[in-house]
């Protein structure tokens, strides 16, 4: 099994070129999704899952040929991935345990195509929980004064070692330098239905405003706090009876579900970035 | 059948006083809901539905006695209503027909406890549709220059004649003077999930932001556009494939459902205002 | 714009063959979905939407070439359709108006890719409503004794004239003979969440069983009542307070939404039959 | 704080009697819900939460007076409970861990008004997980031959020691003798949306039938497998692409949420049995 993800300027012949290439190299397409942002002047996105006996042995050659015959001629960005190789992930977390534990459970149950190699926290509280899963836990405290140094240590642990970083309610803002240096996509879970109630204390504000649904948003982290391409969102119904604490509790259930979905879709290479938006196949 | 809706400062004995009063006057409680905003220092809200043979004949006396024995001693705001008497409603609409037609159908099918006595529009387009339901349609054009005069004419038609005004996608801002003069609650449907995308063009902005759910909000209209106590909200799932037009179409389905729910709850006296929020029993 | 829908035994090279054919004939793929029921031994389903200038003029030739070069060699069942040509549909209905009105109204506002050419009912009640949309209404009463004759008259009106028949709460069982003779797919809306509460009186039985959600199911009609491939389902939350009538009312909202979705997906050629199941692209 | 739950034949004066009693004994009603199955000939259900300083000290006396003055005269079944005293619960489980872990974790973060005193399993697999939460784990194997003996041992551990038994995917049928002897309500989670797909293998059957939603049902266990009053249900959307394993995985998320809600509502005394149905306040 192999997976090929492509984006490029749209023009006629892309699907024919890719499917011919795969057919000629003995691959059978099992699943595919495609999308173009505009009928005549758009950007084209493609995700193909294919079977090919002996793929491992010929992988490098396949990729080189694809580059020469299809990728470069069409001006593509492309990636071949192996669905059998789970993504290497690290989780960053502060004190709330719900998203963290949910990911650890799901990973242990093989519900997620990833291996959680490391958990980093700015608080020591969750060390026992994490280590009981056989996952290393590193405590890196962060204060205003030590933030740059703390990020340097985080990057040392992460850069090159992981394919994905998951902020499972990590309550520190990451600098643009960190995002550059770490060299892997970062998925964040925001405890509100963005763009409503961006920023801190969303549940208090949701209660004050008397909303009837609260939600959560999983998105790729960017420099701008509470911005970045949205991967998944969901909501849950609330009433005037729910206190801010109850909203937070109900919100926690949505957060962990939304984050788990976003992470799994990312690990299956279903999420492609289209500027400030995502294409989710 | 009778309905009693009460709000007052919370203190011990309210429920006992109300239920004693009803029992002593031969009423049997069929349904009740209550809520207090705070255990010791809150505001108390109560809605009771009761059976009482011969209620019509003794109604006025009952209300006077309630005022003297319960209402005034507890500092209550209260209303007795008769579930058998539908609320008299007017609809204000511009050009979009989906909320209007949905309300007219539901009213004809006796799904809503109201009688739609009048539709007012700033455009003539929907006259035929409205009149085919046997409902009068009045076209009152509104321009910047004629707005004050148009509102005056609207108030003439509405004040004293209706118990409820429904803005079924009426695309004009109502002045504070209008809201004062019209003397009846006004329910508006906003075509987004407030507080996200308040203002115009929510579907374009939702698409640009790449959100994965879009919604609608029914609320009591106040001077502040896109503010006012929220009665009901709901959302529908969308994807990167949906154009702004498709978002609008899917949004329209949510709008009409949310508005119909809010209107029916209002007509059943289930919605009590608590400052900027609502209590929905 | 053209649409191509294919199903055939799965084997390598199908996508390459189809996309080459389209590319060589000047067509640009705008959207495609594919699915195989099994990695090695399954049935393959494909739906492609493509752009091709001057398609109308060369359509017949294109179809013949496709048959010769791709369709027959791969043992395909295939259809080319023109998205610009709406399906011709008839609606059959008894007395409930909610699904009927919803379809007529959506068709009028161009939300559905179909033209409703005829409404047939076994009751005269809805004639006025239907005709107010400019759609012919034919009353064909059905009794136990006249059923065969009634179906003969229905077939006379329908066979060859429509591409789709929609049962919008038509409360008569259609015979296998009718389904054969009418020669067009029939979509039914069942007022329960199949396979729960198949048969009559689902809302009473749902209430007796104390379920917390009720639903609706749109499916292709087959000889077996309440069977047939499911196209779409949805549910709505209910409580112990809801009477069977209220369940029916809430159910009606789900029915019209579910039926409208199923009909539109069918009209967009998104629904492919896979034995007793459907593939919905 | 105290909680009073009542059911009795409906007749005038119940609410007045209860609220007078509470007022005269210095209790202030914080929250109440009531429901009657029929306007004239029904069964009446009431749940009241009240504040009363010094309740602990006078509790026994209060209950005796209530029995004499209200409970017996109205033919009530009633219970006073103390919201500050969590219910003592045991969990029975086989090999699936998702519902078990979810309950243990929610209990630890004080989301549930219960104390999990014991986990019993017919398999040893989950011992480590359970004990890591500081909860005793007892392995009681069950075979066809040892079932009666196993149930005897289970009853020994449970009867008198717990207020609630939760079957968190316990894959053995409990005998009527067990249910009698154990003397506490038993909540079961069924891995389908009852009454659809009662019995074993619901996800395979759901897939074969091509349903578009799958669900889970929490209900009180009775002798009849897959029957018993339903407390809560929910569903999740699935497609033709989902294998039976994926349906099971998605189902697992619904199961744990539905079970947690049902357990918490039970612990808050919100669930009253009405024959084969439940009233959920």
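A, B, C and D are the chain letters, set down in written order, and residue numbers restart from 1 in every chain.
Criterion: a contact is a pair of C-beta atoms (placed from the backbone, for glycine too) under 8 Å apart; a residue touches a chain by one contact, two chains touch by 3 or more.
What you are looking at is a predicted structure, and each value in this text was computed from that prediction instead of being measured.
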Starting at subunit A, fewest touch steps before arriving at subunit C: 1
Where subunit B and subunit D overlap in contact partners, by chain label: A, C
Longest centre-to-centre distance from subunit B, chain (CA-based): A
Between subunit C and subunit B, distance of the C-alpha-averaged centres to the nearest whole Å: 37
Computed distance of Cα centres, subunit B from subunit A, in Å: 42
Residues of subunit D touching at least two other chains: 35, 241
Subunit C partner contacts - residues on subunit A that touch it in the complex: 11-16, 19-20, 22-24, 26-36, 39, 51
Residues of subunit A that touch subunit B when the two form their complex: 35, 193-197, 208-213, 215, 229-235, 239-241, 274, 276-280
Subunit D to subunit A touching residues, read off their complex: 97-98, 101, 105, 109, 111, 132, 241, 249, 253, 257
